[in-house]
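Below: one structure in structure tokens.
Lettered A, B and C in written order, each chain numbered from 1.
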Amino acid sequence: MKASRLHGPVRRLAVFCLFVILLMLGYTAYKAFGQAIDDAQTDWPAIGSVLPRTDDLTMPSVLDIVRGVFDEPRRSNEAFGSIVFDKAVFTLREASVGFAVGVIVGLGIAIILSQSQLLERALVPHVIASQTIPLIAIAPIVVIWGRKNVDFLPWEWQDWMSVSLIATYLTFFPVAINGLRGLHSPSAEAVELMDSYAASRRHTLWRLRLPASLPYLFSAFKIAATASVVGAIVGEISAGVDGGLGRQILLEASRYTTGPERLYVAVLFAAGLGIFAFLTILTFEYGLVRRKGTELVL
Amino acid sequence: MTSQNVPAVEIRGVSKVFNPGGSNEVLALEDINLEIAAGDFVTLIGPSGCGKSTLLRLVAALVGSSSGEVLVNGKSADQARLDRDYSMVFQKAGLFDWRNVARNIELPLELMGWRKSARHRRSTEMLELVQLQDFARHFPQQLSGGMAQRVAIARAMSFNPALLLMDEPFGALDEMTREHMQNEVLRIWSETNTTVIFVTHSISEAVFLSTKVVVMSPRPGRIAAVLENHLESRDDTARDSPEFFANVSEVRKLLRAGEN
Amino acid sequence: MKQLSNFVQIWPPLVATAIALGSWEFLLWITQPDGFVLPPPTEIAAAVGENFATITTATRVTGFIIVTGLVAGVLLGITAALLVTTFRTANETITPLAVAINAIPIVALAPIFNFWFGLLSPRSNQAVVVALVFFPIVINTARGLTEVEPSQIELMESYGVRKWRIIREVRIPNAMPFFFTALKLATSLAVIAAIVAEYFGGRQDALGNIITSSAGLTRYADAWAAVLAGSLLGIVLYGVAVLAERVTMPWYFLARRS
């Protein structure tokens, strides 16, 4: 038991690599299969309708995609991979700013609501209702609104701030809801113990309720980190915000016919960014919450 | 059903090693020999880690032995499991939340392919046996701990097993409910003439319930002593009888001796 | 007594709703901002009335993609969870993998799907919905199938039954609450996935396109009318999931004793 746990991360990395290799093999095999059917001039109705087409333009070979990372696009003397990497950093910054603000807002809401039963009952349904508006779906509205209407702030509003705002919107919800659950999680005995010490509300909050809510918060952070990366990319794409990975994906989609492998590279970087954000939170959780956290999927 | 001269359970030279060969290898049981006659009520008692639950699971064939032989009704433990010769009750009632009380009791009967009408008749009888007639349609979440454990016993008894294995079944109950449940189990035992193996770490529970107390010692788990436990009667007056107290202090002495 | 407590539960959110809607309307009426991103509720209602036919068509188009994608994703997810949990080692390695893959922004795949299935085909949008729904269903259902009270498994083993019987009698019922948690999440994910996928391609008369094109023309009320239709779809689907949950596991909602 113990030995296998020690090797957990290494083993998982190996499994992940294996998965990637299997994915590449499956992709190649499917493509070869489709092309064999094409060559035989037989009709296979599923391909092109339920299953994707298999020509080189629709499915560039794995080798082409890998080559796409190192190739230098026209009018540029930088490898495509390094260009996309810069874009990913830009997107990550948008997502991180949004995430940080969302955590502060969400935690604030949770702490305030946990202080009053009446407030909690009145507002929790609204916090939940706020998420029935398809969050990412309003991304274009937010970005366009930001461009045209935000002129009341002391600094100049930039598009990336709108994108961060979307990430904030996605982050605050799980943090607020899970935070509230976490703040309520200490047992009645533990609260009575603090009361018996004549601890102030602030003391109970800092010494008992917040530490108790850490596992809850981290499961919210994991959801939120992923969501804010998604929010940032979708925000960029849907409103054409310049400088980030989403925009790059849109650009590569529009010039797909001249280099399909570049779209694949950009999308793969997006996938990597999502996993990176998730693993970052996981690492912090490992360090801060040594015990096994209550994991929940919201 | 079983002939009187075949012992209900025979354990010969059994030992159990967990994670053999690993760095965390544990010798849980060493050279266990025990014979249990049909109709006996045997308790296994000992400190935690003495392997009493493991011994019970060996009889149930839920774990396999590393060496030695376990016979139930004269056949291998695993064969007895497949023949459904025994039934088990756990510390947690382990009722299925998604089945009501009657259907929980009928679970083993369903698995054995009983017809619906027969199952229904049987679960009604069993509910009477544990005095929960009015709760057939209730769901486990609506029961108290003691009631849930009574349903678990009814489930275990539903197919008339020759052998009843109980793994600290009352460990999670409060003292009052516990004494009540002990009386219930004794009543059911005398009414049905089942052989019972009962794991506990309560000395008074062991002495009150059983005809034979098996005292175990830890690291590695061994049988330290077997005490024939005769009480004049087994009702609430027995709890205050001098022989009860004498046997309690005898078991305590044996347990202390086993620790050293 | 019960009714009274229900009333006490209901009034705070109702009052808060009334205050929120009222002050929103009032604030905009006072300040009269130019083309504000959040038009007053009355204006959105008017936009719904004006574009009723367009919005119903769009809701039908997007709703079809959502429902078909959701059903396919859920079925695939349940199958995968059953397959994975049948083999213990597979479960131990694949479930963490699924959790990591779940962190991938799947909507970013939409452009690739568009080229796979054709830019105007609903298939690519359905593929996005399926992919987004699939992982939460797999992860949660797999957890429900494995996180079983050990004594319940031992009980079934003591009856000497086959593995499949244990899956049917214990693991599947045990997984139901986990599955429904994921299903409820999946309904809102499916709505988001479909609308976002429509930003990239698919039919022009779908909700996603109405939102982008109206927002681009600063006709925010029209955009919000489409958003409202999307929310409504989400709420209806969520309601269906809740109803299914209540109907299939009434035992789960009984008041706990002890």
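Just so it is clear, a contact is a pair of C-beta atoms (placed from the backbone, for glycine too) under 8 Å apart; a residue touches a chain by one contact, two chains touch by 3 or more.
These numbers were taken from a predicted model, which means no experiment stands behind them.
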Greatest separation from subunit B - chain, by CA centre: A
Chain at the geometric heart of the assembly (C-alpha centres): C
Centre-of-Cα separation between subunit C and subunit B, whole angstrom: 48
Centre distance in Å when subunit A and subunit B are each reduced to the mean of their C-alpha atoms: 52
Mean-CA-position distance for subunit C and subunit A (Å): 17
Footprint of subunit A on subunit C - complex, ascending: 9, 12-13, 15-17, 20, 33, 35-37, 93-94, 96-97, 100-109, 111-118, 123, 136, 139-140, 181-182, 185, 188, 191-192, 195-196, 199-200, 208, 211-212, 215-216, 218, 220, 223-224, 227, 230-231, 234-235, 238
Subunit A residues touching subunit C - in the complex, by the definition given at the top: 11-12, 15-16, 19, 48-50, 52-53, 57-59, 118, 121-126, 131-142, 144-145, 148-149, 222, 225-226, 229-230, 233-234, 237-238, 245-246, 249-250, 252-253, 256, 260, 263-264, 267, 270-271, 273-275, 277-279, 297-298
Subunit B-facing residues of subunit C, complex: 149, 151-152, 154-155, 157-161, 165, 169-170, 173, 176, 249, 251-252, 254-258
Complex contact set, residues of subunit B against subunit C: 57, 60, 62, 81-84, 86-88, 90-92, 94, 96-100, 107-108, 111-112, 139-145, 165
